[in-house]
Each structure stands twice: as C-alpha cells, then as structure tokens.
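Next come two complexes built around chain A: one with chain B, the other with chain C.
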Partner chain A sequence: MSYLPYVVAGWLFLIGLYGVVTSRNFIHLTVCLTVMQSSTYVLLLAIGYKHRSSAPIFYGIPAGSRVVDPVVQALTLTDIVVSVAVVALILSLALDIHEQAKTLDPEQAVEVSG
Partner chain B sequence: MSWLLVMPVVVPLASAALVAAGDHVVPEAVKEYPPMIAAAASAVFSVLLLLQVQSHDLVHWHGGWTPRHGVAIGIAFVGEPLGVGFAAFAGVIVTAALVFSWHYMEESPRLYRVLMLVFLAAVSGFALSADLFNMFVWFELGAVATYALAGYMVEELGPLQGAINFAITNSIAAFSILFGIGLVYGRTGALNLAQIGESLAQRRPDGLVIVAFTLIVAGFFVKSALVPFHLWLADTYAVAPAPVCLVFAAVMSELGLFGIARIYWTAFSGAFAAHSGAITATFVAVGLATALLGAVMALLQRHLKRLLAYTVIAHVGVTLVGIGLLNAKGTAAAANLVLAHGLLTGALFLGAGVLLREFGDVDELRLFGRGGRLRVLGTTLALAAVGLAGVPYVGTFLGHSLLDESARTRGYGWVAPLTVLATAVSSAAVLRAVARIFFAVGTREDPLLSAQPPEEPPEEEANRPLMVVVTALLVALGLAASVIPGLQDRTEHAADHFRDRRAYVGQLLHGEQAKHEPSPVVLHSAKPVSLVYGGLEAAILLAATALGLYRRRVPLGVRRVAGRFLGPPITVLRGFHSGIAADYVAWITVGTALIGGIWALTLR
Partner chain C sequence: MSPRARLAVFGCAGAGLAALLFWGLAGLPAFGHYQGAYGNQLEREVMPERHTTNLVGAVVFDYRGIDTLGEEFILFTAVMGVTLLLRKNREQEIEDAPDDTVRSDAVRIAGLFLVAPTFLLGLWVAAFGYVTPGGGFQGGVVLAGALLLVYLTGGSRRYTGVTPLTAVEMAEASGAGAFVALGLAGLIAHGAYLHNFLGAGRQGTLESGGSIPLVNWATALAVTTAMLLLFKEFLEEYSVPVARRRG
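And now, the complex of A and B:
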C-alpha cells in the first residue's frame, strides 16, 4: 500500500487552503474551495482501495472475489452532490456581489466590519 | 413506537418538498399556513418523543438493517433525552420564527419557508443520528439552507458579504470535518458512533486519532464560532433577516457544540479516557477566551444586531466551558444555558426586527429615544437582557449555577467569576442599547462605538402586535427557564445518560435496552455561592450599563488614562474583524494548528 494518495490528499487540502487565503477574486476563491474538497475525495477513495481487486459491482463476478470498499465510494458520491449545491450557491452570491459592488475582489466588497 | 423517532425529520422534510411543489396550486391567501403547521407538527412529535424517552431510549434502524453479531450494518437513529430535547427546541424556535414572519418576509416567501423547514429537518436528523457520516450529511444539508437564508436580501451588499463569508468559512469547516471522518473510517472501518467508540477504545490514541479529533472539533468550532474561529459570525448575524437570526442564534450556533459533545462521548471518550484533563483544559481555555472577547466586542457596537451577534459569541463560549468540564453537571449546565440563552437572544433579535420594520434602522444612537412609543417592547427586551445575565432565579441562572458546581468539582473553581464577568458585560451592552433606544437614557453620542451602514427595512405591511407577542412569549419562556420544577434533575439525569458510552454501545450493537428511570421531581433551592455569583452578576450588569450610558461623566483625567491603555488593544481587536473571508480562513487555520499542536503534546 503506497502512501502517495495520502500525500496527494494532504497536498490538495493545503494548496486549496493557501489559494482561499490569498485569493483576490471570488470566482478563483470558489475554485480553490473545490480543490480543497477534492482532497477529501482522494482521501476517501485511497482508504477504500485494495490492491488487485475489482470495482464493487457484484454482477458477473464469482462470489467471494476481492472488491474495493464500496462504502467510501458512496460517501464520495454523496459529498460530490452536496458540494455541487454549495459551490452553485457561493457562485450565485459572487454574481450578486459583482452586480452590487462592481468588483469580485473580497477586500473591496467589504460593507460591514469591526 | 420507533416510527415516532423519524417523525421530527420526515414531517418538515416532506412538507418542505410539498410546499415547494404546490407553490403554483395553493392560493396566495393560505400559503403561509402549511409551513407553520408543519413546523408546529414537528415540534409536537419531538415533544411526544421527549416524553417517551424519559425512562428508556428508542432506537430505529433505517430499512430494518439491524446489526449482525455486534457489527452495525445500517444507519440508526437513537432517541435519548438531550438529543430529542434539542430537536424539540429547534421545532419550537422554527415555529416561532415562522409565526413572527407571518407577513414580515414578502419577497419570494415560498423559498424562505421551504429553507426553514429543511433546516429544521436537518437539525433534528443531526440530533438523532447515531452514524458519523449521516450526521455530516444532516450538518451539510442544514448548512446549505442557512447559507441561502443568510443571503436572502440579494439587493444589498451587506447581507451578500455576510452570506459569502459564512458560506466560505463554513464550507472549509465541513471539509475539515469530512477529512476527520475519513481518517476515523480508515482507522476503524466503521461509521456507527458506537462501533467507532468500541474500536478506538481498544488502544492508546496515536497521531492519526488525534489529527482526526482535531479536524472534527475544529470544524464544529467554526460552526459555533469559538475564538479564533468566530470571525464570520458577526458579519452574518448582523445582516440576516430577524426571524432567520432567531433560528441562527438559538439553534445553529449551538448545533456545533452539540456535535462536539455527541461525538466526543460516543466515539472518542474511550480512547481519551486517560487524557480528559487535557481536553478539559483546552475547551475551558477556548471557551473563556471566546466569552471574554465576545463580551468586549459587544460593548463596542452600536448596530443592535451586530451587538447581539457578539453576545451570542460570548454565550457560546460559556456553554463550551460547560461541555468541556466533561461531567454530568457541566453537560446539564450547557443544556440549560442553550435553552435559556436561545430563547432570550432569539427574542432580542426579533425585537431588533420590529425596530427595523418601524424605524428602518437598528442603530442605537440614531434611534435614541425614538422607541419611546413602543414601551411594551422596550420593557420586554430590557427583561430579556437581565435574564441573559443570569441574576438569581431568572433566565440563565440555573445554567450558571450548575456550571459553577461542575467547575468546582473538577478543580476549576476560578472559572465561575470569569463567566459571570463575561455574561454580565455582554448583557450590559444589550441593556445599554435598550435603555438608549426605548427610554432615552444616557448620552446621545458615543464615538467609541463602531458605526455600520443602515439596512433596508422589509417593505410589506407587517402585523406588529403579533410580532411583539411572539417576542414577549419567547422572553417569558426564557425567563422562566431557571425555575421550571424538575428541569434541573431531568437535565442532570439526561446529561449523565448522554455521557454513558457503555449504555450507548449496548443498545445500538447488542440490542440491550438502555433504561434510565428518572428521579422524582425535587425542588432545589440555589446554593448560597450561586446566589453570591448571581448578585455579583447583577451588580456588574448595572455598573457596566451605567458606565456605557454615562461614560462622558467620568472625569477627563481617568478617561485619558483608560484611553491610553485600552485604546490600542481595542483597535487591534477591531482590526481582526476585518470583514474579509480570507483573513477569517487564515485564523481558522491558525486555530486548528494551535489546538492540534497542543493535543499532539498532551493527548499521548
């Protein structure tokens, strides 16, 4: 079992976080959020992976064959669905902000603070 | 009767779908009723359920997938008193919010009510679920509904800024929690909380378990706005519509704390049994920092809703201290604080909503004395502020006295004076604003307070008497929360059961029935030391209010010296609350690293 997928997951999480913190554009920031989200997919799939096993589709394979863990795949799928809703919502808020403030820069769209 | 267990979720979720689908068919005149009825029905089911689970828990396995040989296969709901109580509380609050907004929210009201129902279903599911990933899904479902509710006024920049900061920070919280869940699943191969707890308890916690616990707790800290994860909250609560604020302040902020308590006791308490001291120390430190910072920031506000947002932060901090003390009294204290504080702060937000509707403003100084003709509302809100402070036998008093008892048994007796100070100061900020707006007391100008841009008032004609009645009803319930006979015993008993991991495992994985006979109702008189703290609370409340109102009568020399010492830290504090999501995310990262670092050293 290789450690590479876990390193990739950690890397995606941190690089996405870096992107969110340094971003000067709401659309770019949202893309960085999806990069962070992708890290959780990689992590989950890596956890369920088993060497020399097939996809968890139990049709036409002999009983007792090794398959990868179907639970994490279900989790990933559920999470993709949720994240689509969140990303759509953030993008629509970004559009509305652009309409009001004529900018997508988070630092120039500050109305309340302190 | 295990079907009853799913009703608090099924009723609001199904009604939300029906309300959305039937929008074009149902006549305009009766459109407001179905959502209100659905929320009320959900609350009634939760209360019935609460009566049922007083003596023994209920377990429901979805689809009949019961455990085989002690291994959980399906997803379960568990009805135990605290979780069901939280669902019932959410039902009552959402019903109150929908009644308050009878005509308050005219703009695409269909979506608003659907979102409220979805949020209620999500909270109930979160409170009842016994599966870590299932909890996460309810958490996310609720989160998406609240992002949309926060950004409801899409023609204004303020609400949009609040909503997008809220969505960005809380999405990162969700990723953090999911990452933690993934690590837990990788270690234990289980998602059922009882099963995870059994698996983790078998060996000493290692780095992976600590990282997973840190990521999950940090995620919930963002949701509940603990320092330094709290920065988004004031931006969001200050600009959301009043009935939405009620739901946010009373239910959503507490959701994260409930999640921490549930997941700690069921999944991690076995693994960390030998390190509970380190966990208590961290939670108490974070809680106190949050309480004190929230109180100071509340004092500096003149925008009433932003001021209330900071008092929410202060109270969440105090509640975390209760949970972090990790004994039955502390957990019971947290439950009672959530109840009393939720009702009172929620009512104050509704009061701010009435002001916005009447005067088109919620600014303390601009409204100076203009609330004079709304004396009833003013008196109600002043009472709510006093109740928040926890003076003897009123409002949050029971929670505070339980917290003090709990703290002293764990050797944290010094905590109570600090929580007293934080709640008294934050309540004084509220009382000061109410005194200025409704009773024209104090000075008209105060350059120390930070001005915010005005908010657009809701346009349609609203039913003001109804709004005031709902507000007053919540205040009455909140003030009475300390003297309800038997509440103290019931919550202590329920909290003790909530912490019982063995019973949780037994009933979930081995089909045993978790009986916990309630003790008979006894009337407790408050301990003398609690009365002393209550009195101290009242004294600080009055002193801080008077100082806030008449600061200018303090001799100039004293004011100069105070300004020299307090000015720079206050400027720095304000600077942290910059309104920029990227800064908030940076602080979330710092906070997560800090807590993880401390636990990496202390939880081994």
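And now, the complex of A and C:
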C-alpha cells in the first residue's frame, strides 16, 4: 500500500500553481504551467500501474503476461501533445505582449494596457 | 492587487484546493492495485484481435482513435493560432534573411553527423510505433528535430531549403486530412468511424494491426509538419527583426 505517486502528483500541481500565481515573467509562467501539467502525467501513469506487471508491449514477453493499463498511457501521450500545443500558443502570446508592452512581467504588462 | 495580498488570497484558496485534491486522491485505489475494467479487457483482447504488440499504439490509433483525432486537431488549431498571432506582424516575407551561417567547425561537424542518424531514428520510431515503443507522435517530433538540426548546422537559408513553406503547409493539411479520410473509410466499410478496416496481419511485424499503420503514418506526417511550422514561425520572429535592424 503506497500513496506516494499520488502525493507527488498533488504536490507538482500545487507547486506549479504557486509558480503561476507569483510569476513575474511570462516565460517562467509557461514553465510553471508545464510543471502543473506534468502532475497529470504522474497521476495517470500511477493509476494505471499494476504490481508485478510489464510495459504494455507484448514484444519479447510471453503472451498472456500481466501488463499495466495502456489506456492511461495513451491518455498521457495526448496530454503531452496538448501541453506542447498550449506552450507554443502561450509563448507566441508572450511575444505579442512583449512587442506591445516592452515587458514580460505580467504586472507591468497589465498596467500598460489598461 | 499587491503581491502580498495576492499571496494571501492564494494561500487560502490553495489550502482549500490542496485539501480537496488530497481528499480525492486518497479515495483512489492504492498504488499498484489497479481496478480498471477497460485496461484489463484490452490486455486480453488486443493481441488476438489486432495482432498489435504495442498496446498503447493500438489504443491511440484504433480503440480510442477518435480521441487521437481530436488531439491532432488541437495541435492543428494551436499551430494555426501561433501562425495567426505571429504572422500578422510581418508585412512581407523578408527576402534577405540575416546571414546566420554557422562558423564553428565543431558545431557543423557534430550537426552533420547527427542529421541523418536522427532522421533515420525518427522514421524508425514512427514506423515501428505499433510493434515496439514509439508511434507517429514520437517519431514525428524526432523527425522535426532532425530537420531543425539542419538549421543548427547550415543556418536559416539551408533550413528553408529543406523545409519549403508551401510544401510543409500542404503536408500538414494532408496528414490531418488523411486521418479524417481513414476514419471515413472505416465508416463506409464497417459502419463505424475509424473502425479498423484491414486484416490483422502477422503479429510482431510491420504488417500487423490492419489500418493502424496508415493512421500512424498520417499522424507522423501531421505532427512532423506541425512542429516544422511552429519552428518556422518562431525562427522568423527572431530573424525578421534582425534583418530590419540591419536594413
């Protein structure tokens, strides 16, 4: 009985959120967001894990072996792709803000625009 | 809001969120005591049904292919968003890109020896994606990385030479379109969108998995070119201001 992976997932989410809330730079904020998102990878993979099981690839292991859940691994793959897409979008928004406000600090950028 | 006030608000909200989060997590089955019916069923049925040794590949490109279709269009939309945001600031394509020829021999030689093996690795990861660990997404990113190494070795002129914008854009659209078309083929052949419409083939080889290889390659094409378009936009965002400053 162990809940350590779940604790790690919860911790990553909260520390990433703390980073987003206190961030003074949009690039740093984006990295914090990826830390938050990585908590979902840990959580998904932890849920799918079975004791004494192999990776869900029946190549070189006997048929009928116990393997971990492939569905959550596929979901993690989706998650990573979405993360890349979101990061690319946020970084281009950051470029846009930098061009208009000449700063990457969220607080100053807000003051300039309104 | 002052940073201190914001931190205080976050302290309260964060503590509440943490309590809820860990309360929920504590209700999950203990680590290693998996209880999902879906995963166990796939464990028994994928091999006899599809002859696909990589179960994750079978889930991504077949059993839950519709999720992957959505995922691919998230990527597609994000690339479009980046393109719209960044391109509007450039009136026309700058013809005389800044001279960023790489002069370090060490970097050029390292790059030269890395481009071809990385490209091959990408093709291999994509091709065997449903047999051994890998797949269209992972292989696609490696392939795009191999082409980005061309930029590292030869500068932006060479890079633009190997990744002409029109061809990349067309390949991106056809990759995504091929995925949709394969789904329709399943609909016509078996009455369900993205239904596997080819025979299961021989287990552990490239000819296993029915239509999984086709969907896999469509994804690899779409992901490679999506990454290339992202690189392109961000590279031009760097090189156009440099050219303006000089010119």
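Assume the second predicted complex is superposed on the first by the 109 of 114 C-alpha atoms of A that agree within 3 Å, B and C clash if a C-alpha of one lies under 4 Å from a C-alpha of the other, contacts with A are read in each partner's own complex, and residues count from 1 in each chain.
Everything that follows uses one rule, which is that contacts are C-beta pairs under 8 Å (C-beta built on N, C-alpha and C of every residue); 3 or more make two chains touch, one makes a residue touch a chain.
The shown structure was predicted, so the numbers you read here are calculated from the model rather than taken from an experiment.
Trainee: Mind working out whether A:L93 is in touch with chain B, chain C, both or neither, as first, second, both or neither?
Mentor: both
Trainee: Would you check which partner chain A:V21 touches, where first means chain B only, second means chain C only, and both and neither mean what they say?
Mentor: both
Trainee: Decide which partner touches more residues of chain A, taking chain B and chain C as the two options.
Mentor: In the superposed model, C touches more residues of chain A.
Trainee: Pick one for A:A101: touches chain B only (first), chain C only (second), both, or neither.
Mentor: first
Trainee: Which partner chains sit in contact with A:H51 here, chain B, chain C, both or neither? Use first/second/both/neither.
Mentor: It touches chain C, and chain B stays clear.
Trainee: Just to be sure I read the superposition right, which of the two partners does A:P5 touch: chain B = first, chain C = second, or both, or neither?
Mentor: After superposing on A, A:P5 lies in contact with chain C but is clear of chain B.
Trainee: Of the partners chain B and chain C, which touch A:F13 in the superposed model: first, second, both, neither?
Mentor: Touch status of A:F13: both partners.
Trainee: Just checking: does A:T78 make contact with chain B only, chain C only, both, or neither of them? Give me first, second, both or neither.
Mentor: both
Trainee: Between chain B and chain C, whom does A:A63 touch in the aligned arrangement: first, second, both, or neither?
Mentor: So A:A63 only meets chain C here.
Trainee: What is the contact status of A:V31 with respect to chain B (first) and chain C (second): first, second, both, or neither?
Mentor: Neither partner.
Trainee: Quick check on the output: what are the common chain A residues between the chain B footprint and the chain C footprint?
Mentor: 9, 13, 17, 21-22, 43, 47, 71-72, 75, 78, 82, 85-86, 89, 93, 96, 107
Trainee: Across the complex, what residues on chain A touch chain B?
Mentor: 9, 13, 17, 20-23, 26, 29, 33, 36-37, 39-40, 43-44, 47, 71-72, 75, 78-79, 82, 85-86, 89-90, 93-94, 96-97, 100-101, 106-107, 109-114
Trainee: Within the complex, which stretch of chain C touches chain A?
Mentor: 3, 6-7, 10, 14, 17-18, 21-22, 25-26, 28-34, 36, 38-40, 42-43, 46-47, 53-56, 58-60, 64, 67-68, 71, 74-75, 77-79, 81-82, 85-86, 89, 131-133, 135, 137, 204, 223, 230, 233-234, 237
Trainee: Mind pulling up the chain B residues that touch chain A in the complex?
Mentor: For chain B paired with chain A, touching residues are 133, 137, 140-141, 143-144, 147-148, 151, 154-158, 160-164, 167-168, 171-172, 174-175, 178-179, 182-183, 185-186, 191, 234-235, 238-239, 300, 303, 306, 450, 452-453, 574, 577-582, 585-586, 589.
Trainee: Would you tell me which residues of chain A are touching chain C in their complex?
Mentor: 1-7, 9-10, 13-14, 17-18, 21-22, 43, 46-51, 55-59, 63, 66-75, 77-78, 81-82, 84-86, 88-89, 91-93, 95-96, 99, 107
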